[in-house]
Amino acid sequence: MKKENFLWSAVKTGLIVGVVAIFICFVGMVEVFSKRDVIEKLITLGQFVLLAAMFSAGFIASRHTSSLLEKNKPVSNLVAGLVAGLFTGLVLALLVVVGAEVNLRAVFLNATTTLYDVLTLDKGVGNVWILPLIGAVAGLLGAASLLLPQILRRPITQALVFVIFMAFFSGLFRVVMINQGSDMSKAAKYLFGQTGLTLEGTLIFFLGVIAVSMLWSYKGKDIQAGVTRLPKAGRLSLRVIVYALIAYVALGLPQVSGPFIAQVIVTVALFVLMGLGLNITLGFAGLLDLGFVAFYAIGAYTVGLLTSYGAFGLQHIPFWVAVPIAVLVAMASGAMLGLPVLGIRGDYLAIATLGFGEIVRLLAGSDFLAPFFGGPQGIIGIQKPCLGTLGPFIRVDVPRVCNGLELGKPQDIYYIAVVSAVIIAFVAWRLRESRLGRAWMAIREDEDVAEALGVNLIQTKLLAYMLGAAFAGLGGAIFATLIGSIFATSMQLIVSINVVSLIIVGGMGSIPGVIVGAIALIGLPELLREVSEFRFLLYGATLIIMMLAKPEGLWPSQATRRELHHTEVEAGVKA
Amino acid sequence: MRTSPGERLLDLAVSGVLWGFRILLVAAILIGTIATIRAGKYTSEQWIDFVVFGISQGSIYALIALGYTMVYGILRMINFAHGDIFMTGAFAAYFLATWMNGTGFIDSYPILGLLIPILFAMIVAGGIAMLVERIAYRPLRGAPRLVPLISAIGASFFLEYAFRGFFGPGVYAYPPIKALEGEWDILGIGILKVQVVVAVAAFIMMAILYSIVMFTKVGKAMRAVSESKDTAALMGIDVNRIIVSTFALGAAMAGAAGVLYSLIFRQVGFFMGFTPGIKAFTAAVLGGIGNIPGAMVGGLVLGIFESVGPSLFLEGLGITRPYQLKDAIAYTMLVMILLFRPSGILGERITTKKA
Amino acid sequence: MTKRLLALLSVLVIASMALAACGTPATEAPVATEAPATEAPATEAPAAAYECTDALGCVTIAPDEPVHIAYWGVLSGPDSSLGEDSKRGVEIAIDDKGGKILDHDILLTTEDAGCTPEGGATAATKLATDTSIVGLIGSSCSDETVGGIATLTNAGLTTISPSNTRPVLSDPARGPDYAGYLRTAHSDAFQGKAVAEFAYNVLGARKAATLHDGSSYAQALQQVFADNFIALGGEIVAQEAVAKDATDMKPVLTTIAAAQPEFLYYPVFVAVGGYVTAQVRDVAGLETVALAGSDGIFTADLLKGGGPNTEGMYLSSPDFSAFTGDYAGFIAKHEAKYGGSTLSTFHAHAYDAANILFAALEKVAVVEADGTIYVPRQALRDAIYATKDFQGITGTLSCSPSGDCGAPVIAVYQIVNSDPASWNPADTANPNPKKIYP
Amino acid sequence: MTTLLTATKVTKRFGGLVAVNAVDFEIPEKSIVSMIGPNGAGKTTFFNCITGFGKCDEGEIIFEGTPTQRLRPDQISRLGISRTYQNIRLFAEMSALENILVGQHIFLHSSWMSAVIGTPKVHQEERIALAEAQRLLDFVGLKGQGDMMARNLPYGAQRRLEIARALATKPKLLLLDEPSAGMNPRETEDLTAFIRQLRDELGITIFLIEHHMRVVMGISEHITVLDYGEKIAEGTPAEIQKNPRVIEAYLGRGAATEGMATAHERHSDKTNSKLR
């Protein structure tokens, strides 16, 4: 088979990336992002996105060229990159030219004049030639980056990624730092602009990361070796120090970062709880449950009904008493769900559980049960947790007074949520290592064989449903007290889908995977509320990319890990 | 070793609860039905109307369900983005039909004005589905079962919000076809023209699809691939091509469904695919997933249950605002059917190896 | 294991460095939320003589910094057209100011609240953390406000909602958590009553039916209507509901038809409203029933979704004849900026809300000679509450002590033409829909 | 010698097809018995009837005086019946050790709550179980491979692991479904010796389905021949080899022993391809 001409392949790459760039424009990203800076007064996020597209066109073309040509000729790599970037720029230029003649806006809402202005750097359609020019340069740089030696390329890539990350979340860092007091506030204003980094900040971050990265690549091996050479006691104390540090950071974090980060972490922790729950039913026992939000809802509603001083509160009992009850109720409902679907397998189970989740939501929000659950008006006035005693009832619609410390702020709930998540993670880990955990995994692998080996399917599956539900119920209980009100509209199918996704993205059956998955899929999007229009677009793209890049998950389960370790050892022995 | 008394108690409890559940459901349905009928609130014409409404809704579910079921039959994978493929078809047809309406074409040639957008929607939806398959699914073939599911969920979000970016969060109104306004008299019952057209079109579409799968070479290859990819490959079938054409075919059905849906409900928006997608998936499972006639039966059963159920079962039980719980009925029905037939109405009995 | 430990260690070193860097003041300075924005203007700008004595503290804006306001509402998910619509209103208001206030640029931050209480809580928490924010517009859905308002109020912020209509939010007994909450949208308590009176007195209907979509807005509004209608002596023959994502309305309409109402009131949102209107005449027994909706469907989108059946339909809405400002001009700007028509009902309310905020800001802000601005927060809040006879495009607005700024003049309109292009309630010569009551 | 298992008139139908037709069968205690027959003769179906996989439609199976046909597979396994599978069915994503530990499930009694708390009793129980699993692993010659994921073991090791897992349930009766499939002559010989060892040392009764005639004739004390679901012959190896109906059953389809051999090979190909 004759190999493709590398130039033709570069043209193709350029065209494809150009189409992707047009997609990004039409989705509206370029225009919205052009209002945010990466480096203040120098380059906007919108411009950056386009530049990145051209740059990667050059990079991809260059890499492809290397695979097409037998002999490695740097010049052809550079030419390919240039051509690819040029064509990406040409496609965009074509868009501008066509857009100036035809009203594309009749179909695509974002084909605005502002977009064309952004594309031509406010220089008007007449200067559209600037686009292919920039493209060619960016493509050339992209191609050149491939030719850099590894020792330089890695630090530069890391530094670039870090700078973009800091720029993207600059608002968040800035606010957190400003809240620390005037010194930090000055530092913040030095590093961050209103919507991006300052030039100084960019340089500091960029050079800082390069320095650290270079240091690590030179000295990292020594440090690593140093640690391995430590005596056993030394390593143990190192470990203790690390754990102590983790605990210190975890304790201090909400105080430093303020309520928003605390709230985001609470949300993540709630999803960790749900994720750990579903990890039992799905990750361990292999029972696909697409209606997991039901247990979350049941936990939340139980706490709501038991502690609310609103119209639907039954009892004003303390939060601490309501939570165990909520967990038990969720557990019972887990059995209720589990019983009828015991005999249903595979994807039939998925849809049956999905139905269960929807039924719970519909009933909770329905007029029929509104006298009990508030219907669309929800349950409001849920009492905050109180460390100390609660005062007596005065009036039904007035909260009981907390004689002691009221845990009302997100920073307070943070501790409850994080501690719960840690405890539940421990429980899940113990369960996994127990006879029950093995039975679950056996069911996941082969239900019939497990049964033939004496595993009681009914009992084991029911326990999986019940314990999973209990964890989710705990999450729901904390959720209710965090928000202070519950509505059926919070209990959408999307929550269940999120939980399933985070388990798979984290690594099925893996407990640390749940935490990593929750941070990636729940925490990051929460931080991205500012770019709300593109939140789910990016979320969707991330899901696909993660599955393509790491189908086994970000932190695969121990079995996979042990396996890898084993092969490593074997390889070591052979060597 | 004997079974312990505790275990026997559990067994007893399980079967007791299961049977209790079944009996309760059947009893609730019977009592509700009898009470409703005795109350005599509805005339027989109205009952017929309920069923007709159910059929037209159900035939759209069925059309979307076909795509789910075909892809599942071949890849054992839930194509979560299928509902959004349906949405892309509706959008494509909307823009074409609006333009055609502006030129007066639809009024002068109503049949072509209906067919051309459908064809266009099928092509666009098929194309997008092929693209999605190429990017998000094909590299994952052979990965654990849930990995493609997550990728499909990602694709679903991506499509939804890409279209939201393109066309905004508002709704668009599908242009009306004047020739389809009013009723036809069929066997003495007045039925809306649109509904007749939609139901008939849906059935024709399903018949075409069924004959493609049963009688053409591609169809045979599809069935072969669904039995065993390896064997099919050994027989000289290009498995990749067959999978792609399955996606395209299923998506084309969804695209057509998108147009029919827009004809009845007149609103096109970026989120329109989500609920019908879930419902169609339910319908596919109800009928027995992987089974083409099953998808048709499942869609119709679901549509009719949704339409008739709230009035027939719930009102008699004294439940207020029963239509709010329409979906709850649909899902309860589903669970009940799965309780009696764990692999759907027309599904294969043996599900052991499929999961 | 060692490798992982090391990776962890390195992360921790970085984290602890960061923590040490920003952690030191954690012990010295009080925690952020306790003393928001009292961040000593004295040290910051030694030249300035202004000393902040405001009960809630002041926002200091340096000469080169923009005035930061925020919009929070639903910007993702199926309800996003509501929030997007209001957001556009705010953006147009900023454009009309030339992007500047008090010679500073206006910076608008948006936060998605997803139309849920937890979304509202998260968005509010995030906004409350940012001490540079002066004032807010939002939220879109009443649920969001319920979830987030306490956080905002306690952070000393004030928000004006353009589209919350739940009565309880501006109830005189709403509690101190709502001190920072006002709205330019009207409470549904007025609206349901107006429709009931119209149906009973003007149309002479005695048997009415209602339909809602399970949203708290629709459910509450139809209940207000039903209570008032019964109080007037009428009979509610059916109260039905559908799910928010339902499309096939014929079955539920058939159920309603069985009760033979003369008047059908469905104060829902556009999606369901369109479906109901488009399908209602196809149901035997409802061919001639009078149809009525409310402000949730007072938009050209209803004509798109509902088709020819919308002709003759009644809609209650704020009285557009009381719209004193240049609504047509607003629409023209909207068309130019975003292409296509408005997405929902409350863009004008958002525009007015933003302008009320700007007016109050201009009134209370202390401008130093060097261009530094101090915004006392309590004073700003008081100034917003003190808004009187403000000439907005939704009418002449005055804010009540319980936060109602919207003119509660409800009118009932009738749609005279089902062509979406003809939608123009503010037109004097050929209005569509046309005001018929009062 | 007492009878361990008695089957009377066992019948199983799939739709119109009668897979097993009124088969009577007996297994004496501490014996090695075999069932042979052409492909599709109903042997595995008969296995499934005994282990409760697919309930048989008619007839009665009595194991040590207990009728088993109304019991679930897990209950049957507790009675002391364990099995392996024609196409190996290990828990692929679990380690070899974990596979065996699942086999010990019925002997572990700690509740999930005590497992979470981590009572000394649980630790004790787990320690014993682990030691036992290790012992079984060694016994089947997989020493040191406990941490390997089952799917990554070589084919022969997978077979042995499956037997170890079956042994972990401490069965009185062990059902082996074509244990020699896919093995070379050398491995087959080892296997024969191993099966004998199981019976002689552990006192386990063995019931085996096998295509490999050398294995069958070499170790079986009693052989039953199934064809089209019917029992056509039974007796000692010597009797079976001479039985005209058996010869006809096999010869009727082509060649006598070659026919059997080809069938066997074809079959092992199939199993091999299914593995990955």
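A, B, C and D label the chains in the order they appear, each numbered from 1.
Definition applied: a contact is a pair of C-beta atoms (placed from the backbone, for glycine too) under 8 Å apart; a residue touches a chain by one contact, two chains touch by 3 or more.
Worth saying up front: this structure is predicted, and the values here are computed from it rather than measured.
Looking at B-C and A-B side by side, the one with more C-beta contacts is A-B.
Of all chains shown, A has the CA centroid lying nearest to the centroid of every protein CA atom. With respect to chain B, maximal separation of chain centres occurs for D (centres as means of Cα atoms). Per-chain Cα centroids separate chain B from chain C by 36 Å.
The distance from the centre of chain B to the centre of chain D, with each centre set as the mean of the Cα atoms, comes to 44 Å.
Once the centre of each chain is set as its mean CA position, chain A and chain B turn out to be 31 Å apart. Centre-to-centre separation of chain A and chain C, using mean CA positions: 30 Å.
Shown for chain D are the residues that touch two or more other chains, namely 78, 106. The residues of chain A that reach two or more other chains are 109, 362, 366-367, 448, 456, 533, 536, listed in rising order.
Residue positions of chain B with contacts to 2 or more other chains are 161, 164, 168, 320-322, 324, 327.
The residues of chain B lying in touch with chain C in their complex are 41-42, 45-46, 49-50, 53-54, 57, 161, 164, 168-173, 176, 192, 261, 265-267, 269, 271, 274-276, 306-308, 310-311, 315, 320-324, 326-327. Those residues of chain C that touch chain B in the complex are listed here as 76-78, 80-81, 84, 214, 239-243, 245-248, 250-252, 254-255, 257-258, 270-271, 274-275, 278, 282-285, 301, 303-308, 340-341, 343, 420. Taken in their complex, chain A has these residues touching chain C: 105, 109, 112, 171, 175-185, 194-195, 216, 223-224, 227-228, 235, 238-239, 242, 245-246, 248-249, 252, 255-256, 258-260, 263-264, 267, 362, 365-367, 375-378, 380, 409-410, 479, 482-487, 489-490, 526, 529-530, 532-533, 535-536.
Chain B meets chain A in the complex at residues 7, 10-11, 14, 17-18, 21, 72, 78, 95, 135-136, 139-140, 143-144, 146-151, 153-162, 164-168, 278, 281-282, 285, 289, 319-322, 324-325, 327-328, 330-332, 334-335, 338-339, 342-344, 351-352, 354-355. Across the complex, chain A is touched by residues 51-53, 72-74, 76-78, 82-83, 85, 89-95, 98, 101-103, 105-106, 108, 110, 112, 115-116, 118, 122, 126, 129, 147-149, 152, 165-166, 168-169 of chain D.
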